[in-house]
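You will see subunit A twice below: alongside subunit B first, and alongside subunit C after that.
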Partner chain A sequence: MEQKLRTIFAESLEIPEERVKDELEYNTLPEWDSISHMSLIAAIEDSFDIMLDTEDVIDMSSFGKAKEIVAKYGA
Partner chain B sequence: MNAGTYSMSPIREEHLEQLLEWRNSETIRSKMITDHLITMEEHRNWFKQKEKQATPLHFVFEYKGKPVGYIGYTDRDPASGICSSGLYIGDHEGLPPTSGFAIEFLMLEYAFERLDVRKLWAGVFSFNRKVIQLHELFGFQHEGLLKAHVLKNGQYEDFTLMAIFSGDWAEKRSRFYRYFK
Partner chain C sequence: MLLKDRIVWVTGASGGIGRSTALKLASEGATLILAGRQEERLHAVAEEIRASGASACTVFAYDVANQEEVQQTFKEAAAKYGRLDGMVNNAGILEESLLSTLKHDHLQRVFSVNVFGTLYHMQMASRLMMRKKQGSIVNISSIIGSSGKEGLSVYGASKAAVNGAVKSAAKELAPFGIRVNAVAPGFIATDMTGKLKEDIYRMRMGSIKMKRAGLPEEVADTVLYLLSDLSKYVTGQTIGVDGGMVE
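Now for the complex of A and B:
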(Lines of atoms letter the chains of each structure in order from A and count residues from 1; the text may use other names and numbers.)
(Lines give C-alpha, C1' and ligand atoms only; values in the text may rest on other atoms or scores of the structure.)
Protein backbone atom coordinates (compact mmCIF):
# COMPACT_ATOMS: atom_id res chain seq x y z
CA MET A 1 0.00 0.00 0.00
CA GLU A 2 2.74 2.43 0.90
CA GLN A 3 4.50 2.26 -2.45
CA LYS A 4 1.21 2.54 -4.33
CA LEU A 5 0.32 5.58 -2.26
CA ARG A 6 3.77 7.07 -2.83
CA THR A 7 3.32 6.74 -6.57
CA ILE A 8 -0.08 8.39 -6.36
CA PHE A 9 1.40 11.32 -4.46
CA ALA A 10 4.27 11.67 -6.89
CA GLU A 11 2.02 11.57 -9.96
CA SER A 12 -0.72 13.81 -8.55
CA LEU A 13 1.67 16.43 -7.23
CA GLU A 14 4.10 15.98 -10.13
CA ILE A 15 7.11 15.56 -7.86
CA PRO A 16 9.79 12.83 -7.80
CA GLU A 17 8.96 9.79 -5.68
CA GLU A 18 12.13 10.39 -3.67
CA ARG A 19 10.49 13.50 -2.21
CA VAL A 20 7.46 11.59 -0.97
CA LYS A 21 8.40 10.85 2.63
CA ASP A 22 6.34 10.80 5.81
CA GLU A 23 7.35 14.38 6.57
CA LEU A 24 6.01 15.74 3.25
CA GLU A 25 3.29 18.17 4.37
CA TYR A 26 0.35 19.95 2.76
CA ASN A 27 0.91 23.64 2.02
CA THR A 28 4.66 23.50 2.65
CA LEU A 29 5.50 23.10 -1.02
CA PRO A 30 3.97 24.92 -4.02
CA GLU A 31 2.97 21.64 -5.64
CA TRP A 32 0.66 20.68 -2.75
CA ASP A 33 -1.96 23.34 -2.08
CA SER A 34 -5.76 23.23 -1.79
CA ILE A 35 -6.10 23.06 -5.57
CA SER A 36 -3.80 20.07 -6.08
CA HIS A 37 -5.05 18.42 -2.86
CA MET A 38 -8.32 17.65 -4.61
CA SER A 39 -6.63 15.82 -7.47
CA LEU A 40 -4.64 13.87 -4.90
CA ILE A 41 -7.77 12.88 -2.98
CA ALA A 42 -9.55 11.82 -6.14
CA ALA A 43 -6.58 9.74 -7.24
CA ILE A 44 -6.41 8.01 -3.85
CA GLU A 45 -10.15 7.28 -3.83
CA ASP A 46 -10.12 5.91 -7.38
CA SER A 47 -6.95 3.88 -6.95
CA PHE A 48 -7.93 2.26 -3.64
CA ASP A 49 -11.66 2.19 -4.47
CA ILE A 50 -12.58 4.01 -1.25
CA MET A 51 -14.67 7.09 -0.37
CA LEU A 52 -12.90 9.27 2.15
CA ASP A 53 -14.85 11.06 4.85
CA THR A 54 -14.60 14.85 4.79
CA GLU A 55 -12.72 14.79 8.09
CA ASP A 56 -10.11 12.50 6.56
CA VAL A 57 -9.80 14.72 3.48
CA ILE A 58 -9.03 17.61 5.81
CA ASP A 59 -6.76 15.56 8.09
CA MET A 60 -4.65 14.23 5.24
CA SER A 61 -1.98 16.85 5.87
CA SER A 62 1.12 14.74 5.25
CA PHE A 63 2.20 11.59 3.49
CA GLY A 64 2.62 9.91 6.87
CA LYS A 65 -0.92 10.84 7.82
CA ALA A 66 -2.18 9.69 4.43
CA LYS A 67 -0.79 6.20 5.09
CA GLU A 68 -2.65 5.99 8.41
CA ILE A 69 -5.89 7.21 6.87
CA VAL A 70 -5.81 4.93 3.85
CA ALA A 71 -5.00 1.96 6.12
CA LYS A 72 -8.18 2.70 8.10
CA TYR A 73 -10.23 1.97 4.99
CA GLY A 74 -8.75 -1.49 4.72
CA ALA A 75 -6.60 -0.65 1.72
CA MET B 1 -24.52 30.86 -2.67
CA ASN B 2 -23.04 28.60 -0.02
CA ALA B 3 -21.33 25.24 0.27
CA GLY B 4 -20.81 24.42 3.92
CA THR B 5 -18.46 27.03 5.41
CA TYR B 6 -17.65 28.37 1.93
CA SER B 7 -19.62 30.98 0.02
CA MET B 8 -19.49 33.39 -2.89
CA SER B 9 -20.74 36.96 -2.75
CA PRO B 10 -20.92 39.67 -5.42
CA ILE B 11 -17.93 41.98 -5.38
CA ARG B 12 -18.45 45.23 -3.49
CA GLU B 13 -16.39 48.41 -3.25
CA GLU B 14 -14.83 47.23 0.00
CA HIS B 15 -13.30 44.20 -1.75
CA LEU B 16 -11.46 46.15 -4.44
CA GLU B 17 -8.19 46.75 -2.64
CA GLN B 18 -7.75 43.13 -1.59
CA LEU B 19 -8.74 41.81 -5.00
CA LEU B 20 -6.24 44.09 -6.70
CA GLU B 21 -3.48 42.96 -4.36
CA TRP B 22 -4.19 39.35 -5.20
CA ARG B 23 -4.64 39.98 -8.92
CA ASN B 24 -1.33 41.84 -9.12
CA SER B 25 0.59 39.22 -7.14
CA GLU B 26 3.19 37.30 -9.10
CA THR B 27 1.46 34.00 -8.31
CA ILE B 28 -1.85 35.04 -9.86
CA ARG B 29 -0.62 37.41 -12.57
CA SER B 30 1.74 34.79 -13.97
CA LYS B 31 -1.25 32.62 -14.89
CA MET B 32 -3.37 35.32 -16.54
CA ILE B 33 -3.36 36.44 -20.16
CA THR B 34 -3.48 40.06 -19.00
CA ASP B 35 -0.43 40.22 -16.79
CA HIS B 36 0.53 43.87 -16.54
CA LEU B 37 0.30 45.49 -13.12
CA ILE B 38 -3.26 46.81 -12.94
CA THR B 39 -3.66 50.28 -11.47
CA MET B 40 -6.36 51.06 -8.93
CA GLU B 41 -7.92 53.46 -11.45
CA GLU B 42 -8.14 50.71 -14.06
CA HIS B 43 -9.47 48.33 -11.42
CA ARG B 44 -12.19 50.78 -10.28
CA ASN B 45 -13.23 51.44 -13.86
CA TRP B 46 -13.56 47.70 -14.38
CA PHE B 47 -15.67 47.44 -11.23
CA LYS B 48 -17.93 50.33 -12.27
CA GLN B 49 -18.69 48.53 -15.52
CA LYS B 50 -19.39 45.22 -13.78
CA GLU B 51 -21.53 46.84 -11.10
CA LYS B 52 -24.02 47.89 -13.78
CA GLN B 53 -24.71 44.29 -14.86
CA ALA B 54 -28.16 43.12 -13.90
CA THR B 55 -26.88 39.65 -13.05
CA PRO B 56 -23.82 39.43 -10.81
CA LEU B 57 -20.90 37.79 -12.62
CA HIS B 58 -17.95 38.63 -10.37
CA PHE B 59 -17.61 37.32 -6.87
CA VAL B 60 -15.36 37.01 -3.89
CA PHE B 61 -14.91 33.44 -2.71
CA GLU B 62 -15.22 33.27 1.05
CA TYR B 63 -14.28 30.92 3.87
CA LYS B 64 -16.33 31.49 7.03
CA GLY B 65 -17.34 34.85 5.60
CA LYS B 66 -13.80 36.06 4.91
CA PRO B 67 -12.84 36.74 1.28
CA VAL B 68 -10.03 34.42 0.20
CA GLY B 69 -10.40 34.30 -3.57
CA TYR B 70 -12.27 35.23 -6.72
CA ILE B 71 -14.75 33.60 -9.09
CA GLY B 72 -15.79 35.33 -12.31
CA TYR B 73 -17.74 34.76 -15.49
CA THR B 74 -17.15 36.43 -18.86
CA ASP B 75 -18.15 36.07 -22.50
CA ARG B 76 -21.69 35.29 -21.47
CA ASP B 77 -24.02 34.61 -24.39
CA PRO B 78 -27.50 33.77 -23.09
CA ALA B 79 -28.82 33.00 -26.58
CA SER B 80 -26.28 30.20 -26.97
CA GLY B 81 -26.25 29.34 -23.26
CA ILE B 82 -22.50 29.65 -22.99
CA CYS B 83 -20.17 31.43 -20.65
CA SER B 84 -16.50 31.30 -19.70
CA SER B 85 -15.23 31.17 -16.15
CA GLY B 86 -12.18 31.88 -14.07
CA LEU B 87 -11.14 31.52 -10.46
CA TYR B 88 -8.25 31.83 -8.07
CA ILE B 89 -7.52 31.55 -4.39
CA GLY B 90 -5.63 34.63 -3.26
CA ASP B 91 -5.07 33.81 0.39
CA HIS B 92 -4.21 30.19 1.23
CA GLU B 93 -3.29 30.93 4.84
CA GLY B 94 -5.21 28.63 7.17
CA LEU B 95 -7.53 27.37 4.44
CA PRO B 96 -8.63 23.75 4.79
CA PRO B 97 -7.69 21.42 1.96
CA THR B 98 -11.36 21.26 0.91
CA SER B 99 -11.16 24.86 -0.33
CA GLY B 100 -9.99 23.67 -3.74
CA PHE B 101 -13.11 21.54 -4.04
CA ALA B 102 -15.26 24.38 -2.78
CA ILE B 103 -14.18 27.10 -5.18
CA GLU B 104 -14.58 24.85 -8.21
CA PHE B 105 -17.88 23.49 -6.91
CA LEU B 106 -19.35 26.95 -6.35
CA MET B 107 -18.13 28.17 -9.73
CA LEU B 108 -19.94 25.32 -11.46
CA GLU B 109 -23.01 25.41 -9.26
CA TYR B 110 -23.63 29.12 -9.83
CA ALA B 111 -23.10 28.79 -13.58
CA PHE B 112 -25.52 25.91 -14.06
CA GLU B 113 -28.06 26.65 -11.35
CA ARG B 114 -28.26 30.45 -11.35
CA LEU B 115 -26.97 31.59 -14.75
CA ASP B 116 -28.74 28.74 -16.51
CA VAL B 117 -25.65 28.07 -18.58
CA ARG B 118 -25.75 25.17 -21.04
CA LYS B 119 -21.98 25.02 -21.57
CA LEU B 120 -19.26 26.51 -19.39
CA TRP B 121 -15.83 26.87 -20.87
CA ALA B 122 -12.44 27.87 -19.57
CA GLY B 123 -9.13 28.84 -21.10
CA VAL B 124 -6.07 27.83 -19.09
CA PHE B 125 -2.40 28.15 -19.83
CA SER B 126 -1.14 24.65 -20.55
CA PHE B 127 1.62 25.08 -17.96
CA ASN B 128 -1.05 25.58 -15.27
CA ARG B 129 -1.30 21.84 -14.63
CA LYS B 130 -3.00 22.14 -11.23
CA VAL B 131 -6.00 24.04 -12.54
CA ILE B 132 -6.26 21.80 -15.60
CA GLN B 133 -6.32 18.75 -13.31
CA LEU B 134 -8.93 20.40 -11.09
CA HIS B 135 -11.16 21.11 -14.07
CA GLU B 136 -10.70 17.54 -15.35
CA LEU B 137 -11.66 16.19 -11.95
CA PHE B 138 -14.92 18.12 -12.06
CA GLY B 139 -15.85 16.95 -15.53
CA PHE B 140 -14.35 19.49 -17.91
CA GLN B 141 -13.29 17.95 -21.21
CA HIS B 142 -10.44 19.17 -23.36
CA GLU B 143 -11.81 20.86 -26.47
CA GLY B 144 -8.72 22.35 -27.99
CA LEU B 145 -5.18 23.56 -27.75
CA LEU B 146 -4.05 26.93 -29.02
CA LYS B 147 -0.35 26.36 -29.64
CA ALA B 148 2.19 29.09 -29.01
CA HIS B 149 -0.72 31.42 -28.50
CA VAL B 150 0.15 33.96 -25.84
CA LEU B 151 3.40 35.81 -25.30
CA LYS B 152 4.39 35.51 -21.67
CA ASN B 153 7.79 36.21 -20.17
CA GLY B 154 9.42 36.28 -23.55
CA GLN B 155 8.03 33.06 -24.96
CA TYR B 156 4.83 31.95 -26.62
CA GLU B 157 2.78 29.69 -24.35
CA ASP B 158 0.19 27.07 -25.27
CA PHE B 159 -3.39 27.72 -24.17
CA THR B 160 -5.75 24.86 -23.33
CA LEU B 161 -9.49 25.15 -23.97
CA MET B 162 -11.80 23.09 -21.78
CA ALA B 163 -15.56 22.90 -21.35
CA ILE B 164 -18.32 21.19 -19.40
CA PHE B 165 -22.00 20.83 -20.24
CA SER B 166 -24.82 21.11 -17.75
CA GLY B 167 -25.62 17.40 -18.04
CA ASP B 168 -22.03 16.46 -17.21
CA TRP B 169 -22.15 18.60 -14.08
CA ALA B 170 -25.40 17.01 -13.00
CA GLU B 171 -23.63 13.63 -13.04
CA LYS B 172 -20.48 14.81 -11.24
CA ARG B 173 -22.09 17.07 -8.67
CA SER B 174 -23.04 14.48 -6.08
CA ARG B 175 -19.48 13.19 -5.80
CA PHE B 176 -18.31 16.55 -4.46
CA TYR B 177 -21.39 17.89 -2.70
CA ARG B 178 -20.91 15.36 0.11
CA TYR B 179 -17.89 17.31 1.35
CA PHE B 180 -20.06 20.31 2.16
CA LYS B 181 -23.21 18.76 3.57
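Now for the complex of A and C:
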Protein backbone atom coordinates (compact mmCIF):
# COMPACT_ATOMS: atom_id res chain seq x y z
CA MET A 1 0.00 0.00 0.00
CA GLU A 2 2.76 2.43 1.00
CA GLN A 3 4.57 2.27 -2.34
CA LYS A 4 1.31 2.61 -4.29
CA LEU A 5 0.41 5.65 -2.19
CA ARG A 6 3.88 7.14 -2.68
CA THR A 7 3.52 6.81 -6.44
CA ILE A 8 0.10 8.49 -6.31
CA PHE A 9 1.55 11.37 -4.29
CA ALA A 10 4.46 11.79 -6.70
CA GLU A 11 2.25 11.72 -9.78
CA SER A 12 -0.49 13.96 -8.35
CA LEU A 13 1.88 16.57 -6.94
CA GLU A 14 4.31 16.19 -9.86
CA ILE A 15 7.34 15.69 -7.63
CA PRO A 16 9.98 12.92 -7.61
CA GLU A 17 9.10 9.88 -5.47
CA GLU A 18 12.23 10.45 -3.39
CA ARG A 19 10.64 13.59 -1.98
CA VAL A 20 7.58 11.71 -0.75
CA LYS A 21 8.45 10.97 2.87
CA ASP A 22 6.33 10.76 6.04
CA GLU A 23 7.29 14.33 6.91
CA LEU A 24 6.03 15.74 3.62
CA GLU A 25 3.31 18.17 4.71
CA TYR A 26 0.42 19.96 3.04
CA ASN A 27 1.12 23.57 2.07
CA THR A 28 4.86 23.32 2.75
CA LEU A 29 5.71 23.13 -0.94
CA PRO A 30 4.11 24.99 -3.85
CA GLU A 31 3.11 21.74 -5.53
CA TRP A 32 0.81 20.71 -2.63
CA ASP A 33 -1.78 23.47 -2.46
CA SER A 34 -5.56 23.27 -2.01
CA ILE A 35 -6.21 22.50 -5.68
CA SER A 36 -3.62 19.72 -5.92
CA HIS A 37 -4.84 18.39 -2.58
CA MET A 38 -8.22 17.67 -4.13
CA SER A 39 -6.58 16.05 -7.16
CA LEU A 40 -4.57 13.94 -4.76
CA ILE A 41 -7.69 12.87 -2.85
CA ALA A 42 -9.43 11.95 -6.09
CA ALA A 43 -6.44 9.89 -7.22
CA ILE A 44 -6.25 8.07 -3.89
CA GLU A 45 -9.96 7.31 -3.89
CA ASP A 46 -9.89 6.13 -7.48
CA SER A 47 -6.77 3.98 -7.10
CA PHE A 48 -7.81 2.32 -3.85
CA ASP A 49 -11.50 2.23 -4.75
CA ILE A 50 -12.57 3.94 -1.54
CA MET A 51 -14.45 7.10 -0.62
CA LEU A 52 -12.96 9.01 2.29
CA ASP A 53 -14.97 10.70 5.01
CA THR A 54 -14.86 14.48 4.80
CA GLU A 55 -12.98 14.61 8.11
CA ASP A 56 -10.25 12.40 6.64
CA VAL A 57 -9.96 14.63 3.58
CA ILE A 58 -9.32 17.54 5.93
CA ASP A 59 -6.99 15.54 8.21
CA MET A 60 -4.76 14.29 5.40
CA SER A 61 -2.05 16.82 6.20
CA SER A 62 1.08 14.76 5.51
CA PHE A 63 2.21 11.63 3.70
CA GLY A 64 2.55 9.89 7.07
CA LYS A 65 -1.02 10.82 7.99
CA ALA A 66 -2.24 9.70 4.57
CA LYS A 67 -0.78 6.23 5.18
CA GLU A 68 -2.69 5.98 8.46
CA ILE A 69 -5.94 7.15 6.91
CA VAL A 70 -5.80 4.90 3.85
CA ALA A 71 -4.93 1.90 6.05
CA LYS A 72 -8.09 2.60 8.07
CA TYR A 73 -10.16 1.86 4.97
CA GLY A 74 -8.57 -1.56 4.59
CA ALA A 75 -6.83 -0.57 1.39
CA MET B 1 -28.19 10.02 -27.56
CA LEU B 2 -26.78 12.94 -25.61
CA LEU B 3 -26.02 11.09 -22.36
CA LYS B 4 -25.11 7.61 -23.53
CA ASP B 5 -23.24 5.62 -20.83
CA ARG B 6 -23.25 8.53 -18.39
CA ILE B 7 -24.17 8.07 -14.76
CA VAL B 8 -26.45 10.80 -13.46
CA TRP B 9 -27.82 11.30 -9.93
CA VAL B 10 -31.20 13.02 -9.56
CA THR B 11 -32.56 14.04 -6.15
CA GLY B 12 -36.26 14.51 -5.59
CA ALA B 13 -36.85 12.17 -8.51
CA SER B 14 -40.19 10.82 -7.35
CA GLY B 15 -42.41 13.50 -8.85
CA GLY B 16 -42.79 16.80 -10.69
CA ILE B 17 -39.68 18.23 -12.29
CA GLY B 18 -37.49 15.47 -10.82
CA ARG B 19 -39.54 12.67 -12.34
CA SER B 20 -39.78 14.38 -15.73
CA THR B 21 -36.05 15.04 -15.67
CA ALA B 22 -35.29 11.42 -14.82
CA LEU B 23 -37.45 10.16 -17.69
CA LYS B 24 -35.87 12.63 -20.12
CA LEU B 25 -32.29 11.77 -19.11
CA ALA B 26 -33.00 8.05 -19.28
CA SER B 27 -34.39 8.47 -22.79
CA GLU B 28 -31.06 10.06 -23.73
CA GLY B 29 -29.07 7.06 -22.54
CA ALA B 30 -28.15 8.00 -18.96
CA THR B 31 -27.85 5.40 -16.23
CA LEU B 32 -29.72 6.98 -13.35
CA ILE B 33 -29.45 7.10 -9.61
CA LEU B 34 -32.89 8.10 -8.34
CA ALA B 35 -32.76 9.68 -4.90
CA GLY B 36 -35.21 11.00 -2.39
CA ARG B 37 -37.21 10.09 0.68
CA GLN B 38 -40.25 8.49 -0.93
CA GLU B 39 -38.99 5.03 -1.74
CA GLU B 40 -42.20 3.63 -3.22
CA ARG B 41 -42.63 6.55 -5.57
CA LEU B 42 -38.96 6.36 -6.60
CA HIS B 43 -39.40 2.69 -7.47
CA ALA B 44 -42.48 3.59 -9.49
CA VAL B 45 -40.38 6.04 -11.54
CA ALA B 46 -37.67 3.40 -11.90
CA GLU B 47 -40.30 1.00 -13.19
CA GLU B 48 -41.52 3.59 -15.71
CA ILE B 49 -37.95 3.97 -16.94
CA ARG B 50 -37.44 0.22 -17.25
CA ALA B 51 -40.75 -0.14 -19.07
CA SER B 52 -39.65 2.47 -21.59
CA GLY B 53 -36.66 0.29 -22.44
CA ALA B 54 -34.14 2.86 -21.22
CA SER B 55 -31.00 2.13 -19.18
CA ALA B 56 -31.16 0.54 -15.76
CA CYS B 57 -31.35 2.73 -12.68
CA THR B 58 -30.72 2.48 -8.96
CA VAL B 59 -32.97 3.81 -6.21
CA PHE B 60 -31.52 5.30 -3.03
CA ALA B 61 -34.03 6.37 -0.38
CA TYR B 62 -32.58 8.74 2.22
CA ASP B 63 -32.98 12.21 3.69
CA VAL B 64 -31.20 14.62 1.33
CA ALA B 65 -30.77 17.11 4.19
CA ASN B 66 -28.92 14.67 6.43
CA GLN B 67 -25.19 14.98 5.76
CA GLU B 68 -24.29 11.57 7.18
CA GLU B 69 -26.93 9.84 5.10
CA VAL B 70 -25.77 11.70 2.00
CA GLN B 71 -22.14 10.69 2.59
CA GLN B 72 -23.07 7.06 3.23
CA THR B 73 -25.20 6.91 0.09
CA PHE B 74 -22.40 8.36 -2.02
CA LYS B 75 -20.05 5.72 -0.64
CA GLU B 76 -22.48 3.02 -1.75
CA ALA B 77 -22.81 4.61 -5.18
CA ALA B 78 -19.04 4.97 -5.50
CA ALA B 79 -18.60 1.29 -4.67
CA LYS B 80 -21.18 0.36 -7.29
CA TYR B 81 -20.30 2.71 -10.15
CA GLY B 82 -16.87 4.14 -9.31
CA ARG B 83 -17.68 7.45 -10.96
CA LEU B 84 -20.37 10.07 -11.53
CA ASP B 85 -20.94 12.18 -14.65
CA GLY B 86 -23.95 14.27 -13.73
CA MET B 87 -25.67 15.56 -10.59
CA VAL B 88 -29.13 17.13 -10.59
CA ASN B 89 -30.02 18.75 -7.29
CA ASN B 90 -33.75 18.94 -7.66
CA ALA B 91 -35.04 18.08 -4.18
CA GLY B 92 -36.63 21.13 -2.66
CA ILE B 93 -39.55 22.37 -0.64
CA LEU B 94 -41.72 25.39 -1.20
CA GLU B 95 -43.60 26.80 1.76
CA GLU B 96 -45.05 30.25 1.99
CA SER B 97 -45.06 32.50 5.01
CA LEU B 98 -45.31 36.21 5.51
CA LEU B 99 -42.40 37.72 7.40
CA SER B 100 -44.73 38.73 10.20
CA THR B 101 -45.69 35.11 10.88
CA LEU B 102 -42.35 33.49 10.12
CA LYS B 103 -41.25 30.73 12.51
CA HIS B 104 -37.82 29.25 13.06
CA ASP B 105 -39.04 25.73 12.14
CA HIS B 106 -40.08 27.01 8.73
CA LEU B 107 -36.66 28.57 8.11
CA GLN B 108 -34.93 25.44 9.32
CA ARG B 109 -36.98 23.13 7.11
CA VAL B 110 -36.62 25.12 3.91
CA PHE B 111 -32.91 25.84 4.30
CA SER B 112 -32.10 22.27 5.39
CA VAL B 113 -33.41 20.83 2.14
CA ASN B 114 -32.99 23.64 -0.38
CA VAL B 115 -29.56 24.89 0.70
CA PHE B 116 -27.82 22.40 3.00
CA GLY B 117 -29.03 19.38 1.04
CA THR B 118 -27.91 20.93 -2.24
CA LEU B 119 -24.46 21.78 -0.85
CA TYR B 120 -23.98 18.29 0.63
CA HIS B 121 -24.67 16.78 -2.78
CA MET B 122 -22.49 19.29 -4.61
CA GLN B 123 -19.65 18.40 -2.27
CA MET B 124 -19.89 14.63 -2.65
CA ALA B 125 -20.73 14.69 -6.36
CA SER B 126 -17.77 16.92 -7.17
CA ARG B 127 -15.44 14.58 -5.30
CA LEU B 128 -16.63 11.62 -7.35
CA MET B 129 -16.40 13.64 -10.57
CA MET B 130 -12.83 14.68 -9.79
CA ARG B 131 -11.72 11.10 -10.30
CA LYS B 132 -12.29 11.41 -14.04
CA LYS B 133 -11.83 15.18 -14.16
CA GLN B 134 -15.21 15.72 -15.75
CA GLY B 135 -18.79 16.22 -14.77
CA SER B 136 -21.75 18.56 -14.71
CA ILE B 137 -23.74 19.67 -11.69
CA VAL B 138 -27.16 21.22 -12.25
CA ASN B 139 -29.06 22.77 -9.36
CA ILE B 140 -32.74 23.43 -9.68
CA SER B 141 -33.19 26.97 -8.42
CA SER B 142 -36.21 29.21 -8.96
CA ILE B 143 -37.06 32.51 -10.55
CA ILE B 144 -38.11 33.53 -7.03
CA GLY B 145 -34.42 33.48 -6.05
CA SER B 146 -33.75 36.50 -8.25
CA SER B 147 -37.09 38.28 -8.65
CA GLY B 148 -38.77 37.53 -5.30
CA LYS B 149 -42.46 37.26 -4.40
CA GLU B 150 -44.67 38.20 -1.48
CA GLY B 151 -44.90 35.36 1.03
CA LEU B 152 -41.81 33.64 -0.28
CA SER B 153 -38.96 35.44 1.50
CA VAL B 154 -37.56 32.23 2.96
CA TYR B 155 -37.94 30.18 -0.20
CA GLY B 156 -36.51 33.05 -2.26
CA ALA B 157 -33.57 33.41 0.10
CA SER B 158 -32.86 29.69 -0.13
CA LYS B 159 -32.85 29.78 -3.93
CA ALA B 160 -30.70 32.92 -4.01
CA ALA B 161 -28.26 30.97 -1.84
CA VAL B 162 -28.26 28.19 -4.41
CA ASN B 163 -27.51 30.68 -7.19
CA GLY B 164 -24.62 32.07 -5.15
CA ALA B 165 -23.24 28.60 -4.52
CA VAL B 166 -23.32 27.93 -8.26
CA LYS B 167 -21.21 30.99 -9.02
CA SER B 168 -18.47 30.11 -6.54
CA ALA B 169 -18.48 26.36 -7.11
CA ALA B 170 -18.20 26.88 -10.87
CA LYS B 171 -14.97 28.81 -10.34
CA GLU B 172 -13.63 26.36 -7.77
CA LEU B 173 -14.36 23.25 -9.84
CA ALA B 174 -13.50 24.47 -13.34
CA PRO B 175 -9.84 23.36 -12.96
CA PHE B 176 -11.16 19.83 -12.44
CA GLY B 177 -13.27 19.84 -15.59
CA ILE B 178 -16.50 20.08 -13.60
CA ARG B 179 -19.20 22.52 -14.68
CA VAL B 180 -21.80 23.93 -12.27
CA ASN B 181 -24.99 25.63 -13.39
CA ALA B 182 -28.55 26.21 -12.26
CA VAL B 183 -31.94 26.16 -13.89
CA ALA B 184 -34.42 28.66 -12.52
CA PRO B 185 -37.95 27.56 -13.36
CA GLY B 186 -40.75 30.07 -13.27
CA PHE B 187 -44.28 28.89 -12.66
CA ILE B 188 -44.29 25.17 -13.45
CA ALA B 189 -47.32 22.92 -13.10
CA THR B 190 -46.29 20.49 -10.33
CA ASP B 191 -47.68 19.17 -7.04
CA MET B 192 -45.57 21.77 -5.25
CA THR B 193 -46.99 24.79 -7.07
CA GLY B 194 -50.45 23.21 -6.88
CA LYS B 195 -50.39 23.76 -3.12
CA LEU B 196 -50.19 27.53 -3.46
CA LYS B 197 -53.14 29.61 -2.28
CA GLU B 198 -55.62 30.63 -4.95
CA ASP B 199 -54.80 34.34 -4.87
CA ILE B 200 -51.07 33.70 -5.15
CA TYR B 201 -51.69 31.23 -8.01
CA ARG B 202 -53.69 33.86 -9.95
CA MET B 203 -51.01 36.47 -9.33
CA ARG B 204 -48.32 34.16 -10.73
CA MET B 205 -50.26 33.43 -13.92
CA GLY B 206 -50.80 37.14 -14.49
CA SER B 207 -47.06 37.75 -14.59
CA ILE B 208 -46.26 35.23 -17.34
CA LYS B 209 -45.95 36.70 -20.84
CA MET B 210 -46.55 33.32 -22.49
CA LYS B 211 -49.87 33.14 -20.59
CA ARG B 212 -49.45 29.57 -19.37
CA ALA B 213 -47.67 27.57 -16.71
CA GLY B 214 -44.54 25.76 -17.79
CA LEU B 215 -44.34 22.00 -17.98
CA PRO B 216 -41.87 19.87 -16.00
CA GLU B 217 -40.67 18.44 -19.33
CA GLU B 218 -39.66 21.94 -20.44
CA VAL B 219 -37.42 22.28 -17.40
CA ALA B 220 -36.03 18.80 -18.05
CA ASP B 221 -34.98 19.88 -21.56
CA THR B 222 -32.77 22.62 -20.10
CA VAL B 223 -31.31 20.24 -17.50
CA LEU B 224 -30.48 17.85 -20.34
CA TYR B 225 -28.70 20.65 -22.22
CA LEU B 226 -26.61 21.55 -19.17
CA LEU B 227 -25.65 17.93 -18.49
CA SER B 228 -24.70 17.23 -22.09
CA ASP B 229 -21.70 18.30 -24.14
CA LEU B 230 -23.93 20.81 -25.93
CA SER B 231 -23.09 23.13 -23.02
CA LYS B 232 -19.46 22.12 -22.53
CA TYR B 233 -18.25 25.75 -22.33
CA VAL B 234 -21.08 26.88 -20.05
CA THR B 235 -20.49 27.15 -16.31
CA GLY B 236 -21.55 29.38 -13.44
CA GLN B 237 -24.86 30.27 -15.10
CA THR B 238 -28.44 30.33 -13.90
CA ILE B 239 -30.78 29.79 -16.83
CA GLY B 240 -34.38 30.91 -16.45
CA VAL B 241 -37.16 28.67 -17.79
CA ASP B 242 -40.08 30.93 -17.08
CA GLY B 243 -42.09 31.81 -20.19
CA GLY B 244 -41.10 35.44 -19.85
CA MET B 245 -42.04 36.27 -16.28
CA VAL B 246 -42.06 40.03 -15.94
CA GLU B 247 -41.86 40.41 -12.18
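Observations on the model:
Throughout what follows, the second predicted complex is superposed on the first by the 75 of 75 C-alpha atoms of A that agree within 3 Å, B and C clash if a C-alpha of one lies under 4 Å from a C-alpha of the other, contacts with A are read in each partner's own complex, and residues count from 1 in each chain.
Keep this in mind: a residue touches a chain if its C-beta (ideal position, glycine included) is under 8 Å from a C-beta of that chain, and two chains touch if they have at least 3 such contacts.
Here the structure is a predicted model, which means the values were calculated and not measured.
After superposition onto subunit A, the partners subunit B and subunit C occupy overlapping space and clash. When the two complexes are overlaid on their common chain A, residue A:Ser61 makes contact with subunit B while staying clear of subunit C.
In the superposition on chain A, contact of A:Asp49 is made with subunit C only, not with subunit B.
Touch criterion not met for A:Ile15: it reaches neither subunit B nor subunit C. Taking subunit A as the reference, the larger set of touched residues comes from B, when subunit B and subunit C are compared. Of the two partner chains placed by superposition, only subunit B is touched by A:His37; subunit C is not. Subunit A residues 35, 38-39, 41-42, 54, 57 lie at the interface with subunit B in one structure and with subunit C in the other.
In the complex of the two chains, the subunit C residues touching subunit A come out as 71, 74-75, 78-79, 82, 123, 127-128, 130-131, 133, 175-176.
Interface residues of subunit B, counted against subunit A in their complex, comprise 89, 92, 95-101, 104, 129-131, 133-134, 137, 178-179. Within the complex, the subunit A residues that touch subunit B are 12, 14, 26-27, 33-39, 41-42, 54, 57-58, 60-61. Subunit A makes touch with subunit C in their complex at residues 35, 38-39, 41-43, 45-46, 49, 51, 53-54, 57.
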